[in-house]
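Each structure below appears as structure tokens.
Both of the next two complexes hold subunit A, though its partner changes from subunit B to subunit C.
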Partner chain A sequence: MNLVLRLAWRNLWRQPRRTWLTTGAMVFSNVLLIFMISLQFGMYRLMIDNSLQAFTGHMQVQAPGYIDDQKIRQTVPNVRQLAAALRQELGSETIAARASTFVLASSEERTYGIAVYGIEPQFEPQVSSIPGLITAGRFLDADDAAEIVIGSVLARNLRVSVGDELTLLGSGKDGSFAAAVVTVAGIFESGVPDIDRSVAELPLGLFQDVFYMEGSGHQVVVNAPRLSEADTLQSEVEALLPPGQDLVVQDWDALQPGLKQAIQADMSSAFFMYGILVILVAFSVLNTQLMSVLERTREFGIVMALGLTPGRLGRLVLLETAMMGLMGVALGALLGGALTWWLGVHGFSYPGMEEMATKFNLPARMYPRVTLTSLLAGPAVVMLFSLLAALYPALRLHRLHPVEAMRAA
Partner chain B sequence: MRRLRILSKLAWRNLWRNHRRTAIMLGAISVGVWAMIFMTALTQGMVTEMIRDGISALPGHVQVHHPDYRDDPSITNLIPMTDTEIAATFGPAGFSAWSSRIKVPAVITSERDSRGVTLLGIDPVRERDMIFVDYDEVEGRFLESVDDRGVVIGHKLADTLDTEVGKRIVLMSQDPDNDIADRGFRVVGLFHANVEAFEETYVFAGKKTLQNMLRVGDRVTEVVVLGEDYRNVEDEYAAVLALVDGGVEVRRWTELDTYLGTMLKVMDGFVLVWVIVIFLALSFGLVNTLVMAVFERVREIGLMLALGMKPGDILGQILIESMLLLVIGLGIGNLLAWLTIKPLEGGIDLSIVAEGMEMFGAASVLYPQLRLEDVVLANVVVLILGFLASLSPAWRASRYEPIEAITKVD
Partner chain C sequence: MTAVRCVDLCKTYRQGDQDIKALDHLSLEIGEGGFVCLSSPSGGGKTTLLNAIGGLDKPDQGEVYIAGQRIDNLSKGELAELRLRRIGFVFQAYNLIPVLTARENVEFVMQVQGVPAADRGRKALDILAEVGLEGLEDRRPAEMSGGQQQRVAVARAIVSRPALVLADEPTANLDSKTSDGLMELFTELNEHHGTTFVIASHDQRVMGYAKRIVRMLDGRIVDDIQQDAA
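This part shows the complex of A and B:
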């Protein structure tokens, strides 16, 4: 074994420049893959977390069909009690009831159509980051106070500040005319333009009064401690829904269908690029190994005549490739890991990224995160394909005839 | 000239001495070039769609507003000219298309539900080729004149509101004194849009009808001009600037939607980066091949030098060999790209990730776009960088000492 290893190692350095060039191709791809994959998956996590934490939550209990139509009549009956029961049964605080509708909001000077949400002031902070993002005034505290908190862009558009009054006009659950006068208690800034422009929150009690909800609401938001635990929690919630009532649990993918698909679309184009890189490296390896086998035809003829089997020779060629691959992985992981780690600490940005980033709820500076997976996944695939590419030259040895090989030019 | 012919002949023959190595390298170059062009065509197609959809969402490559309108899209921020004055100014200016509109936020209410929308008061005759709605595809009919009394809404919005053609809805917004301005309309048409959000957001009504409802007289909130080519609207921008005086804000679309504007710039950068990355991955193999080709022929090169061939000719011969390899590879790669893109130009259906594409601002059918300048860019980059990468092995070969080279043993 030791002998074969040493033989393979020495064979590699018979043509140092060729070996370095081939290893160089591997290192180049590995560095690129490590950086890209670290960046990509870090970004996806942020996209998901930022989008869900702001408001949507990991899952919501809703009336069937509400997710598509969001009609005020598609209600969850006794929404407050349902949320309380779920909190108790699951021993979790991150559950809150909401109701929502569209209204015309008028200030002294301006009128805009907005989405208003009735929320439970006591529990909302556990499922949404908005209560923590109040930049002026305070969040709602009483369940039936005539108060409202609105997004910063909306406040600017309506030309109101804390303490001003807003008139809300809309229709109640039964289709009747509904109106309320509320005082702006606080203004929040989530950084998500859509939310800051069009969302306002009222206490649930007031909402139910104004819009004749008769104790009902539209959603119970449930957050899991971690995204990975959302699936298990969902089946628990489903089991706890009151029998006989027509309710469904919508997961985050259904609530924000764009999110997962945006990630999938981005991932498929990224994987196409990675695939091409890997294939080009494989070509490089194929070229090198085929050449090194062809050069050694005579030599192989002699050792075969001396009794070495083509299988063992083939393994030697594969071993050479594996050694080259390991060097590529080691150097690639070292350089790629260092580069990515450095960028992860200092962050980086490129022109135009800020505008793109806000569109996907991302910060303007990116901080790629090196994980074991992102460090090893790319290089492992490069290694695998290099070995596959070396199979052809290795298997070719079986066709070698010792006598003819020894006479080859 | 004759020398060049001899050198080329030598290079060509040398190339096929080791046909396996040449074939593998050709394979690598072809795949690389194919990937460069194919990927570029896909992304260009996507960006073009995104920008087309994006521009169709805020139609008008150059737009004129009240200076405060963009931050505060309210009916109080009207353009300080009457619509008649605007027509007199923009009409004779010779734009390929222009129009003036009322665009305000509003709430639409049916007997079932209400929603916040963007209400557009337009001149349907003038806007026929400007907005994203295809008049002939509208269920019912599209608006017919500026004082049409109906509204046209999206299919999706009609579903949420539980309404249909022929039913009545109420539109509410504010007038300049911040009194509620509302009015009942009959839904006369439902439109389809290739971006679903448009069907939920936009409501079209006649411009005159809205001016009456909002009590703004002969005034509008925006004037828009379409250019010949959305990638370059500088001429139109300058022309509009010359037409209006102070008191209004003139903006190109790239400034109105910074995401899209940036996208256009970032994409051009992306194409170059992608081409260079692929080339770098290829260059290792290319240099490797040349180094080996020279290495195998050391004795031969020594002999040629000893027989009086000039070092410059050796250099030239190896560079020509490398260029031949690249040109053949480019040829195959370009052909492959053309063969794979052409059948796809009718559109690739991406509806499984439609909503994700929408999040990027793109439609769910992707039309790859083979642009001549991208193909030229890829080919030129490969040739130039390939030439540079070949210089070192070629230079080395031409510097051999004939005696040493001839006597070299493997």
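This part shows the complex of A and C:
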């Protein structure tokens, strides 16, 4: 081993207890950061996947402006054919056409304003989890049957159950009055209160007849195999849109801005806490290295008298800190990685989690996900701030005068 | 050729309300291969002079030349380089790096000097053998006697064969036998390698080995005696 490395290493162990305490603080913070970041990123991915898979999809083909002003006239022409063409061109089944509008839904006793979607019964299960969340009755199966599936909260509010009839009143695409009587075929429970309270689904064929859509719809929903592939898929979908038709592809971020805002808000508060943790560790390193430098004032004076520059000595102090930091990273990554991996396999829960799980359509147990980023990002920041903290004692050596330093006790 | 030349050096320290003149218009010239003992009672200015010659402390006034090069106006970095390459230091308290072995202490300075790794190891072993520490190379300072530690310090100071060695009270912590051994080593290096020695000491034994004794009092030279080595 290089002599300077050997010197730095041995210097660390002049005060083993102090070195272990500081390294321990690094290890603890690294374990915590690895676990928390893995948990957070795992949870965000789950939140995004679950929310998007529930209904929105990773992206949607729409008429421009529809996202901001969802008028029934802002249509995608020949929506069913467009969805079929995209399925064929992309070789994917996770693409389905939809139409939607707002109606008054009336049971014998009550009336509520709801969003009603026309969906393709054959393809909807590939882009939405709602068909799999039917708790009573069944999902839609015929494209033109006068049937509807509704959310559990809406069913409770309207006081209807499977087999009951609902009357839908709204406006057609041409502005004319539109009405239909449909039978409740099924009731779903997505776990997302907004969806369960105000969403209903009809067969797309029926929707187009009732609302005079003339073959048009409002969305082609596209799901990517994984969230990470959504950007690439979006480019492909954009390239396949029929020329001459004014259509846009909206990504999940635009479709569900609330989701991203929730994630960003959570990230901000979490990273604020991580910042405090890292600063505490940095102060611990600063204290250790400052003590270490002060204790060695006389020794530094001697080696300066022998011809070493303060710069070289400063680098020695930084090298000692880097070695301590590397120990913290190695042990922290090992312990943090192992703990997080184990929890990732077995999962865990904590009090109060059910509320958040319901809100974001998450499972009742959490499964943190160890990635290279979650394993190394936190420890790298701890390492960086430790080195920054050691800069002060290292730079302080420039003020040292050999003669005065050698007189130090 | 002159190894050391000091011209009209002045240095004043403030101690409480008093100004202490550590160097008072002092001029001194030491030729190459000189073996000089600076002698004075405590506070006489010998360590201050030694520090000024070694570029460890700057005089308030006057000029210092090492091998013809003026050094009192050099920057901190240039002085460090000068000490690293051309001056060897031996201190009263040995001042070895406690976590390094004898061999590593000697190698450390060579590494800073940029001596290749292969040469460093060989040179360190040779010099330690030369100062009589064969077999003790892998001991740390705490595992050696005072005399052995001082020999390591000497080995560290002379391993790169500097033209000038400055020693500040090198025998102050040594018994008489070890002191004699150290001074004989200095004498041998002076005679065989032509190394110039400037030793600050009030030890009569050290003075006995010196070729020249410069007596100082209150920062001034009061006596300058050439003598035959013992």
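Following the convention adopted for this analysis, the second predicted complex is superposed on the first by the 349 of 409 C-alpha atoms of A that agree within 3 Å, B and C clash if a C-alpha of one lies under 4 Å from a C-alpha of the other, contacts with A are read in each partner's own complex, and residues count from 1 in each chain.
As a working rule, a contact is a pair of C-beta atoms (placed from the backbone, for glycine too) under 8 Å apart; a residue touches a chain by one contact, two chains touch by 3 or more.
All values reported here derive from a predicted model rather than from experimental measurement.
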Touching partner for A:Ala262 - first (subunit B), second (subunit C), both, neither: first
First (subunit B), second (subunit C), both or neither touched by A:Leu308: second
Touching partner for A:Arg365 - first (subunit B), second (subunit C), both, neither: neither
Which superposed partner A:Glu299 touches (first subunit B, second subunit C, both, neither): second
Partner chain in contact with A:Ser106 - subunit B first, subunit C second, else both or neither: first
Larger contact residue set on subunit A - subunit B or subunit C: B
Contacts of A:Ala25 with subunit B and subunit C, given as first, second, both or neither: first
Partner chain(s) touched by A:Arg45 [first = subunit B, second = subunit C, both, neither]: neither
Contacts of A:Arg138 with subunit B and subunit C, given as first, second, both or neither: neither
Sites on subunit B touched by subunit A in the complex: 18, 20-21, 24-25, 27-28, 31-32, 35, 39, 42-43, 71-74, 76, 105-107, 109, 111-117, 159-160, 162, 172-174, 178, 180, 258-259, 261-263, 265-266, 274, 277-278, 280-282, 284-285, 287-289, 291-292, 295, 350, 352-361
Subunit A residues within the subunit C interface of the complex: 3-4, 6-7, 10-11, 13-14, 298-299, 302-310, 312, 402-403, 406
In the complex with subunit A, residue positions of subunit C that touch it: 51, 54, 56-57, 76-77, 80-85, 87, 89, 91, 95, 97-100, 104, 107-109, 111-113, 156
Subunit B-touching residues of subunit A, taken from the complex the two chains share: 15, 17-18, 21-22, 24-25, 28-29, 32, 69-73, 101-104, 106-115, 156-157, 159, 169-171, 175, 198, 257-265, 269, 272-273, 276-277, 279-281, 283-284, 286-288, 290-291, 294, 351-352, 355-356, 358-360
